[in-house]
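Look for subunit A in each of the two complexes below; its partner is subunit B in the first and subunit C in the second.
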Partner chain A sequence: MTSGTAVADVHPQNPAPPRRRRRERGREATLAWAFLAPSVAVFALFLAYPLGRTVYLSMHGNDIIGRPNRFVGLSHFAEMATPEFGGVLLTTLLFTLGVVVPGVVGALVVVLLLEGVIRGQRLLRGAFALPFAFSVASASVIFSVFYSPGNSVLNGILYRFGLDQVPWLTSQEMALWSVCITTVWMNLGYGVLVLAAGIGSIPKEVNEAARIDGATGVRLAWDVTVPMLGPQLFFLIVISTINALQSFGQIHILTGGGPVGSTTTLVYSIYQYAFAYGTSDFGRASAQALVLLVVVLVCTAIQFGVLERKVHYA
Partner chain B sequence: MSAASVLGSAPSGARNPDPRRTTRTGRRYDLGHVLGRVLLYLMLAALLVPVLFPVYYVFAGALMEPRELSSFPPQLAPTGLHPDNLLGALNAVPLLRMYTNSLVMAGIITVSQLLTSALAAYAFVFLRFRGSAVVFALFLSTLMIPGEATFIPNYLTLSGWGLSNTYAGLVLPFLAYAFGTFLLRQSFRQFPRELYDAARMDGMGHLRFLWTILLPLSKPALTAVGMYVFITSWNMYFWPLIITRSTEMQTLQIGLNSLKTGEAANPGLLLAGAALSVIPTLALVIFGQRFIVRGLTAGAVK
Partner chain C sequence: MTISPQRRGITAAALLVSLGLVLSGCSGDGSGGTGDLVAPGPEVLEDLDEAVQVEFWHSMDATNGQVLDGLIEEFNAQNEGRIEVTGAFQGDYDEALAGHRAAIQQGETAELIMIYDLGTQFMIDSGQTVPAQSFLDKDGYDTGAIEDALLNYFTVEGDLRSFPFNNSTPLMYINRDAFEEAGLDPDAPPTDLAEIREAAERLTVRDDDGTVVQYGFGAAVYGWFIEQFMARAGTPYCDNSNGRDGRATEVLFDDPKIVELVEWWEEMIDDELAVQIGRNTDDGQAAFTSGRAAMTLESTGSLGGFIEQSDFEVGAGYFPLISADDPGGSIIGGASLWINGEGHTEEEIRASWEFVQFLLTPESQSVWHAGTGYLSVNTEGYEGPEAKERAEEFPQFSVAAAQLADSEINENTAGCMMGVMSEARVAAEEGWETALTSDTSAEEAMSAATERVRTPIEEYNASVED
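Right after this comes the complex of A and B.
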């Protein structure tokens, strides 16, 4: 209460005998826990408990239908020291880089170019944001038609321009990049929306001052706008990395992890062990799920530690 | 990172008049300026074409005749509006049933997350209790757990309860999520304290205050959360894939994959199915963009 009017006289800031206040506090705390209870119940049952159970499963071998039947200690983790699993991690790394770098750079270029547009800027931004509406499944299905070896739409376009055909999903070298292209397309709209929101929040005076100092075009964008976008770029890089590490649908629909495992990322490997071969190897899958958890947490921590220091907060 | 710095204001490029306009009034258009603008629009067009082409082609292809799609090089525009692919897709898998499944699943998850988030956010903002800050930090930390790390035990739990291949199995793990709590907490904190004090003084209970005053006044934030949750759950893939078995219980997204692996991997059916599946979320993105931006960018703390 700012002014000492009649309201302040009856306001429970000071009056109320201590016992009554304590009882009220108790009631408030009870109510608070009642309000938190539904969320806490869901988190406990479907987040905390599963994490514990994943640890348990990762240290157990299982029978053919996935029931844990023997303690194996850390041997599932020791088994990961193979070229196969190294390959899975390398694929995950390449996929993440192939999605995050072009995705963030592309979104940045789009919003910077849009800044130069005077009329129709909103409409254009909306057009760039459209892919955000597409689910993993719908985007992957569309690109499967684009890539299909039989009558590939993309190869058709290349053919019209007299260019060579590309073995989009059939070559081991190309398949991962084709999945990356699909993912970048899906995520671009999200990046554009996030960065556009950031540009909208840059104080006008900053741009005007820079212009008075003679900064225009590319100089203005690179020296003024990009540093001011620090928080949004940082956020976008973190979120894109986490999303890339968890990508599943596009791999499941486009390549099924192939050809010859060339698109089997960590998440896809977890899926294959747990659900794909009909063997329900929940033990090995859980061990890999823990690796995924650690990778995600470490990536987040590194990015917060390294990147955040370089971010300019307006 | 403070959310406020990223939330900032909604994108307002069009509303803030471009400063160049004011400085340009006295300036003559020289050749360099014109060339610069031409270059700018050329670059934008070069980026926009590949972004929009799949959006265009999914609808164009859905309306093509099957043989138009199977020619090489494939045609880029339909000769007319042919419903064959759309009808074919509806017959190949129970697409309408899957539509219903997706709608029920996303609807239940959205309503439930709005309710659980509003209650939790209310506790964090308006109720004093010991450990409030710690509990909130724990809530936020749940956002860092990748779903894939919990899917196997959740699958085992729900199968154990006999709930695999049911709506309950589809939605139970997602009935609450800290993201909504976080966003609504931000919004509730901006609620004028005087109004709250006045309502309490009049003897209004917490639940009634929440329901009749706070929530109606928080519609923008609720819409932002609701749209975000609806789109993400409508688009879910991994969980529905493992928890459903029969085509009658599969969601639309899984149905799309069934179209691909089905007996005739027909590009026309695939595009028709994708086109039908994307219409609701496309409408949300086109007509609700400012709410979606709010939901997306507020996740900055995630």
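Right after this comes the complex of A and C.
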């Protein structure tokens, strides 16, 4: 559209320098749009259209086939002001914290400890990065055996040590943490990969200078290595937050959102409204999907606003 | 796929007809126009130029899928040049239903589709299928041999709506070895809750520290069991006579009988006589086959797997009663077959029916029952060679058929017919689980659960009655 108006202006009566410049600029803009066209088309098709459709669906009720058949305005959003939906948001928050904090700290600790290991460091790094190779489904199935209420592998181990049995998936208090543990384990590999790459790129001179100044062990790690890992840590925090907010497979396989909704995060709630029990309430599901979009945007914006200022880009 | 000119003409005619149906549907026919789709006679399959293609969407994989594929192959061989059925696995029941919804939206439904029991009312309301009764009437087909309990479930307002095919009923399973060790008679498994508790007290084994190593009982918090318990107690699951005298407007699983059941279950767990399982039936099965729980509740369809996976002798008994004086009775679960009419030619509709008739023969049912553990929909199927061989090897296989034969046919054993049955089942499970995992009383939890289904029922009813 912009290109159209620019191209129209091609036969100036008095070719003055500024006009020529404008004409050239117009031609450049045309070219730019031509180059952008494929990505704009893809963007429109796979992002803008679905987003627009979600907004449309969120304001409509459905017939039993799932077709939008009546305009309901913002009532799906108004309906969210319930303790149940507040519970879903709280669960989402707890799950995100329970995944991101131990996940990032865990990966950092592993990488820092491995720094001290000279022999077999690569092998150990590889071993710690291995969970990255597991699909969500296979990791979840393995953990469901560990947690299985009747004959949990973990409870078997606790029993050998004479410890109390843990109701991994059958208690409302415990189930969310069990899902978090699984997710942290799955994410650890990726975190180790990212941070190990970051540590490899810290210039040797920095560490040497710190050593000459007398920094060793924890001090060297905390005051030199960690700040130098700033960009990688920041990246990891942003990515794992978004991943946590979008987690689905492990919840679906391990708990199905239960017991009594105690592991129903926002994504799982969307799934339940749209598909889970032969339902097709795409209206309410879409409204919640928009809430999820806002939550992800706000989290990412806060992280960029607050955290990124503290990141030191070497 | 190429379409011959002749076929194109038929397609166009079918489109016109279906357009007419859509229009008449829009003009305010409350039933959604389902009555307009009628079964064509056998004459439509005469003088065919090429075999009629029937796509069959189902949810049978692994062993069950192989047995089904075998039956499809046999039918195709018998009908070469006339009818060709292609089976297509569509994921589990919920996924298949979601896929079918999408297909309706796009006007591309399969000729024949398997839909689980809970989707029955939805299938009727969506008005896409030719009612099963229409085929029976057209051909004068005799349903005398078909299992009464199944006809009872799938008959709505006097008409059979779909064809039962892969159906089951839940049973109580016991670890016979554990029964003998505890000095109990494995040939007389407990029949009601009080007896289960008595047996569990003797079956529960503790180590020196007092930690339980074998529980007496353990089963999943599975909504189907509540439906079964209510049928056996002779109480309806939803109002308007289980939704069969008119649309159901509320669910009734806050009945004192169910409160009693949930309280019993809670005490069993608190007293460490039962292991807490949660909602996943796989976990319930694992607790039983590994010997952790000496008694469990599961579908007939699990019997084969139990025998295979357990290193003890598996026994089966009737599904328990809540109290000894309950009338008994039994409802069914599983899925039935629906023939799509909307958007399909008469040839395709008739060809689908021919295939369904083949599946309902005693010969096919004998193979099906023996291979999968599902009920033989045609009771004569139990006399088939495959079924007989299976029954001789594992007499437990005949318990399910006996339980159904003992069941009285009435509206309570017919089960609830309701558009949001799946959501009701989940709500029942959540109420039950709330009582088990929190301080909320069974009565409060179950009545809150029935309230949760109120809005979905209202919205569903409003959307189909507009």
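Throughout what follows, the second predicted complex is superposed on the first by the 271 of 314 C-alpha atoms of A that agree within 3 Å, B and C clash if a C-alpha of one lies under 4 Å from a C-alpha of the other, contacts with A are read in each partner's own complex, and residues count from 1 in each chain.
The criterion applied here is as follows: a contact is a pair of C-beta atoms (placed from the backbone, for glycine too) under 8 Å apart; a residue touches a chain by one contact, two chains touch by 3 or more.
In this text the structure is predicted, and so the values were computed from the model without any measurement.
In the superposed model, A:148 makes contact with both subunit B and subunit C. For subunit A, the partner touching the most residues, choosing from subunit B and subunit C, is B. Judged by the touch definition given at the top, the superposed model places A:134 against subunit B, while subunit C stays out of reach.
With both structures placed on the common chain, the touch criterion links A:65 to subunit C but leaves subunit B unconnected.
After overlaying the two complexes on the shared chain, residue contacts for A:167 are found with subunit C alone; subunit B is out of touch.
By the touch criterion defined above, A:43 lies against subunit B but remains apart from subunit C after alignment on the C-alpha atoms of chain A. Once the two complexes are laid over each other on the shared chain, residue contacts for A:231 go to subunit B alone; subunit C is not touched.
Once the two complexes are overlaid on the shared chain, A:285 sits against subunit B while remaining clear of subunit C. Judged by the touch definition given at the top, the superposed model places A:275 against both subunit B and subunit C.
Of the two partner chains, subunit B is the only one touched by A:157; subunit C is not.
On subunit A, the surface patch touched by subunit B in one complex and by subunit C in the other comprises residues 66, 148, 150-151, 159, 275. Chain contact summary for the complex, subunit A toward subunit B: residues 1, 7, 10-11, 25, 28-29, 31-33, 35-36, 38-39, 41-43, 45-47, 49-51, 53-54, 57, 66, 106, 109-110, 113-118, 121-122, 124-146, 148, 150-153, 155-157, 159-160, 185, 188-190, 193-194, 196-201, 204, 207-208, 211, 217, 231-232, 234-235, 238-239, 242, 245-246, 248-249, 252-253, 267, 270-271, 274-275, 282, 285-286, 289-290, 292-293, 296-297, 300, 308, 313-314.
The touching residues of subunit A, counted against subunit C in their complex, run 61-67, 69, 148-151, 159, 162, 165, 167, 169-172, 255-256, 258-261, 275-280. Residue ranges of subunit C in contact with subunit A, taken from their complex: 93-94, 97-98, 101-102, 104-105, 118-119, 122, 125-126, 209, 211, 218, 275-280, 283-284, 286-288, 290, 292-293, 419-420, 422-423, 425-426, 430, 433-434, 436-438, 459-460, 463-464. Within the complex, the subunit B residues that touch subunit A are 1-2, 5-14, 16, 18-21, 23, 36-37, 40-41, 43-44, 47-48, 50-52, 54-55, 57-58, 61, 69-74, 76, 115-117, 119-120, 122-123, 127-130, 132, 135, 139, 142, 144-157, 172-173, 175-176, 178, 181, 197, 201, 206, 231, 234-235, 237-238, 241-242, 252-254, 256-257, 259-260, 265, 267, 270-271, 273-274, 277-278, 281-282, 284-286, 289, 292-293, 296-297, 299-300, 302.
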